[in-house]
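First up is the structure itself, then whatever we jot down about it.
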Amino acid sequence: MTLTMFTLNAFYGLALAMNMFIIASGLNLIFGVLRVINFAHGMFYMFGAYIVFTVAKTWGAPFFVGVLAAGAALAVIAFAIERLLLRHLYDKEHLMQLLFTFAIVLLMSDAAKMIWGTDQYSVGYPPGLGGAVNLGFVMLPQYQLFLCVVGPLIAVAMWFVVDRTRWGRVVRAATQDREMLAALGVNVPMVYAAVFTIGSALAGVGGALAAPRIALVPGMDATIINECFIIVIIGGLGNMWGSFLGALAFGFVVQFGTVLAPNWQDVLPYLLMLAVLIIRPWGLLGRPETGH
Amino acid sequence: MTAMLSIDGLWKSFAGFVATRDVTFELLAGETHAVIGPNGAGKTTFFNLITGHLRPDKGSVSFEGRDLVGLPPQKIVRLGIARSFQRINIYPRLTVFENVQVALIAHEGQQWNLFRPGRSLHRQGTQELLELVGLASEAEETAGELSYGKQKQLELAIALASQPRLLLLDEPTAGMSPQETGETIASVRDIVKARGLTLLFTEHDMSVVFGIAERISVLHHGEIIASGTPDAVRNDPEVKRVYLGEHAHG
Amino acid sequence: MVERGADLKVDGIHTAYGLSQVLFGVSLEVKAGECIALIGRNGVGKTTTMRSIMGLTPPRQGHVMWKGQDIARLGPHRICRLGIGFVPEDRRIFPELSVWENLDIARRTGAAGKTTWSEEQVFALFPDLAEIRDRRGGVLSGGQQQMLTIARTLMGNPELLLLDEPSEGLAPLIVDLLQQRVGELKATGLSIVLAEQNLQFVMALADRVYILEKGEVRFTGTPADLKADERIVHQYLTV
Amino acid sequence: MPQRRDLIASAIVVLLLALLPLAGSRYAIDLTTEVMIYALFALSLNVLIGFTGNISFGHAAYFAIGGYACAILLTTYGWPLALALPAAVVLAGLVAAVVGYFCVRLTQIYFAMLTLAFAMLVWGVAFKWKEVTGGDDGFTGIKMPEIIAHHVGYFYFTLVVVAAGIAALWVICHSAFGLTLVAIRENSVRAGFIGVDTRHMRWAAFTVAGTFGGLAGALFGMYHRGMYIENAFWTESANVLIMVLLGGIYSFIGPIIGAAVLHLLQTFTNQYTPYWPTVLGLILLVIVMVLPDGLIGLVRRVRARGGRP
Amino acid sequence: QGAPIKIGVLYPLTGGGAVYGAPALVGHQMAIEELNAKGGIMGRKVESLERDDKLNPATASSTMKELITKDKVDIVLGGLASSVGLAMTEVSKQEKVVYISTIPKSIQITTDKLHKYVFRTSANTDQEGEAMAILAGKNKLAKICHLELDYAYGNDLEAGILKAMPKYAPDAKIVLTLKPKLGATDFNPFIPQVMAAGCDGVLSGLWGPHFVSWVKQAAPLGFFNKIKWISGGEVGSHEIAGELKGEYPDNVISNTYELWYKGNDPSHKEFQEKLAKKLNTQETPQWAALGYIGVMYAAAAMEKAKSTDPDKVAEALEGLSIGTPVGTLTIDAKTHQANIGQFWGPMVKKPDRAYRMMEPAEYIQPK
């Protein structure tokens, strides 16, 4: 591999990582606080992508208006799901929640079919981000450079909110003992609803931001949800920087792995997870669960 | 009397904080020994080091001549050391009966038996143990639905089911009403006597400590600051200062 | 202003966990600045009474009146915000949060705008906690957790404190200190409901004692009444 | 004694099933064969979920290994069934033992994800090892011994094997071993302190689950005369997981009910509408929202009401 | 007027495969409607039993058995994925019911796994590969980068191309072969390699969303400025051109089954107009034709056999020629493969259209 190729691959690995982190961060947040394995996250991502298609391409609004619309729409959908249904399930078995989110996947997949049909769609790059930056020895696509900026911004914002604000502390407490937190005067149901809403909106934004680079097709939710789980798990459940690190590991392993060992590309993410979990059973930055 | 458990130069620290500092300690076969000390003195840590829940940084623990350091909890139980926990540690969704029954199955090494129906094993033994700790009438209740005090009694029954020679009890009567405390202590005393057990326990209820301990060791900041007969410890000025205060009468 | 009646009035509550009913018409009342004690053997329903007041296990029947408002159907966080603080017997520390963070999330201006309690105050109450300010809650010793639980509830500046077995697991010296401090709290006008096995503690603090048995109140009286009545003590409390 | 009642009830069920071919519906026979295979598959998974409390997202791997191994031994190597089937089951069990060794060091979601990773590796092998497995074209044209090549013969064969498998699982789940697993599920720290080597016990459970999963897979492959990489894919693991959850994990027969209901539901829905995701989604929602213990909870509640004098 | 004739059909109608399964089913339904309007087959009404194969061969196998044993269908059509096609081929063999593969291209269906009851009316990978080799030769490609998806279709197509290259493009050299995985959405690991390899043309089997994602990621780098892209996988169809519109790259030569704008053949025009009306759009999808042709073949065979008996229908299908929207087709008696061709040509900008069209479109039909 020449130095040019190495640089390019490193950059693409980073871009992939940031793209994935934006999506996985919401899953991680929901996972960490609600302890809900949200299978519907991939579906939210797909809806985000389809919504940006409708808003930006069909209606002709600017791309970033579409991104905001996708985030907002998913926030509304998620809030409704949480308030109407999910909140009744926190006291039940985790497994029931799993089944619940799976039911949401099924219902939303058909809803998508009814709204958007089964055609494949594509969304154009936003103006000014559709080209490449020529550095002389490599060309870097502008849009991916842009994602490399957005990813860390989201990470820092989330870190600030979760680690540095009182609301963040409340959120972390909610992961550990809901009942006690309520007895200390915190409106836990609203905290849960807020977390689910924010996490899901991030999925919508992630889907919208991914849309210009890929074809939008039914079933695009399935791969992404697996990959997000892998990232969250190898980073350490509920740990935001862990997800960030997990996304980086994922990005580089997939990029370089696919170049160097294309025969393994189908299982590369799984191999990565396998290696991490065997060496560090609770993920890169995770810790064994303590508590009651 | 010979030393059943001898501990030599035991250290344990957590991220720079020393919880057990060079503890050297001998437990004689058949004695009833209390470890007392202020909150955070390191009593539970000390128990965890003996039973394999934690691994010491330095020092040795030997039980009847066998080195315990590095052995996992389940091996240590098999050697004859059982414990109860300060914080409730039972199987909350099993019945009270099953909680004890499983312990008996494990003790007999029958957990690998794929063919004998589990629920028919050791029914009588289970019943006896429940009677011993006063839970016979709650046998079919779900353990997690017992009140706090009763769960503590169940905790004791589970520990006894392993038929240990050395029993470690971490605050066995905390949370019990005076009446249950009395009953529990009486039955512990009986069991210890009847089975010839060696008992090491911690407790903040001085009536219990002075009621049954034959010897007492006092931990403070992870170190043993006094050790001896109840009378000696009761009158130790340092112990009074850091722990007992006006409660030396007990 | 009309004469101030009881701040808290529990009126014939029936409470159940799923199918098993635990409380059968418990009634009690607490006036401002008063301390009442619930005592009884294990499993009689002391904790359940407190959980019912707090809204954690809402009663199926009956009323919980707090300053004239029925709070029996409110959620726990609303009840807390109305000025009631709960110290659970099993402590319920947030294990992944540091001691300081455990205190911080409970910080709340009292219902009447009071902010008597701050970190400085609770650290003064339990100096041991100041030393382990940054330690994770999950690794604290039993007694340390007990102190933290009480301190944490105080951070919410409650007017009524539900103390469930506060002395459990505390070293004798600390129990003495606690007894003294609870007395001081009471003197500041805080109302207290105390469930306790340590009779000495109860006798020193309680204005009135309720003895529970099988989910019902069997005796009500002052500590002096209780002491005077050997039979009661015998029947419900000792061996 | 409830045990005897259960025994009689099971005997009646087996007998009724044995009479089914007399009704003469080829379709009913096929459908019942499929349901029986899925029931065994779900039940094998529940040894893990219900009894050790560990969810596996990768149970399809053992199903596929059993299925592929049996198919390949019968067809490529021409082994007789009496050898091929046991060998396939043992192979599935062995792989489960190796994978389990690593997985049981973890718990909860980490465990689940590691099982998923291993399963996807199995999928990858089936995909890439084209000469042996047929890759993503699938392995079709399995050679079948004469007696079970006919659908009625295969039905009886499945009935016998599945009944034996279920009986074996019943004994294992109700043994001292099973009870100890439950204790581990409820509180593994405590279980360690009564002298149970929790990791070894969970490892054994994992192996048992994989072995019986492999048996179900072998039956499945022969039934379809083909194995496909989709059988090892995570979606298949998810499907069987849903069967188990739907039926209810804390009862022995829950997963059997779940398997039957889910499979029939999918089959019938597909006959009427391509919107089966909506139908299934709604049914799942109802179950989740109002039937906390899965279908078995419903059965119990109905029975409790009916049984009251 | 006897009992209705039952035609069973399986296409993926949910999940990823629905993109193709749904339009194919539309063509299928249109054919059934037409038949019934004309009085059915042999005067008997035609009933269509439509099922979702979920892109899963085991599901397809069970469902096909169910159609045969429960619903007693007379013939089964459909499939999309190769594995599903092979699974259906297996069931057809066991149950002795005719199966016409309408989309699956796997060569095995008409070679290794061929049996009396299985037929194919879609192209196969050898035909497609041959056409691509011809185009490589015509465009005088010297250094070729070869891109295939790493699964059955991609591998079979690769074999088809390699078989035909010596004959049609003897001077071309393949300098790089890359195989992204099926379902890949991120082609960053591959794009720089192709750009660095210095080839003047790409032979590609990247279909549908794969092609779209490749275009979106490669175009910003100027990929299509220098490189000719000769592609199978029907990326010359309108469903892609119409979606990518201005983003559809230059230098692409590809194929499609059916062109809505071809219109010079009367039967095609009639078909397209009907389909356009049914779908309420002028620009119709190509897959409908495949569903349609499958039904027409089934009908013709039954008419010819004057029976629905599978043996007779199978015999009738051998060598059967019928007129279809893409011209007259004949099923080879030996290989059971129809000589269906595809339109091939460069995708060019049109001044009056927002999207590209194939021009000139050449219908390449195998001998």
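Just so it is clear, A, B, C, D and E label the chains in written order, and each chain counts residues from 1 on its own.
One rule holds for everything that comes next: a contact is a pair of C-beta atoms (placed from the backbone, for glycine too) under 8 Å apart; a residue touches a chain by one contact, two chains touch by 3 or more.
A quick map from chain label to UniProt name: A, D = Branched-chain amino acid ABC transporter permease; B, C = ABC transporter ATP-binding protein.
Everything quoted here is computed from the prediction, not taken from an experiment.
Common neighbours of chain C and chain E under the contact definition above: A. Ranked by distance of CA centroids from chain D, the top chain is C. Rounded to whole angstrom, the centroid-to-centroid distance between chain A and chain B, based on C-alpha atoms, equals 48 Å.
As a whole-number value, the distance joining the C-alpha centres of chain A and chain C reads 44 Å. Averaging C-alpha coordinates per chain places the centre of chain D 37 Å away from that of chain E.
With centres set at the average Cα position, the gap from chain B to chain E is 74 Å. For chain C, residues touching at least two other chains, in rising order: 139.
Annotation for chain A: residues 109-110, 222, 263, 266 touch two or more other chains. None of the residues of chain B touches two or more other chains. Applying the touch definition to all chain combinations yields A-C, A-D, A-E, B-C, B-D, D-E.
Per the touch definition, chain E reaches chain D in the complex via residues 13-14, 50-52, 56-58, 61-63, 65-66, 69-70, 82-83, 86-87, 89-90, 93-94, 106, 108, 113, 151-152, 155, 182.
Of all residues in chain B, those touching chain D in their complex are 51, 53, 72-74, 77-78, 82-83, 85, 89-94, 98, 101-103, 105-107, 110-119, 121, 158, 161-162. By the touch rule above, chain E contacts chain A in their complex via residues 14-19, 21-23, 150, 178-181, 183-186, 188-190, 192-193, 196, 208-213, 216-217, 220-222, 239-240, 243-244, 246-247.
Interface residues of chain A, counted against chain D in their complex, comprise 37, 85, 88-89, 92-93, 95-96, 98-100, 102-107, 109-110, 222, 226, 229-230, 233, 237, 263-264, 266-267, 270-271, 273-274, 277-278, 281-283, 289. Residue ranges on chain A touching chain C, taken from their complex, read 166, 169-170, 172-173, 175-177, 179-189, 290-292.
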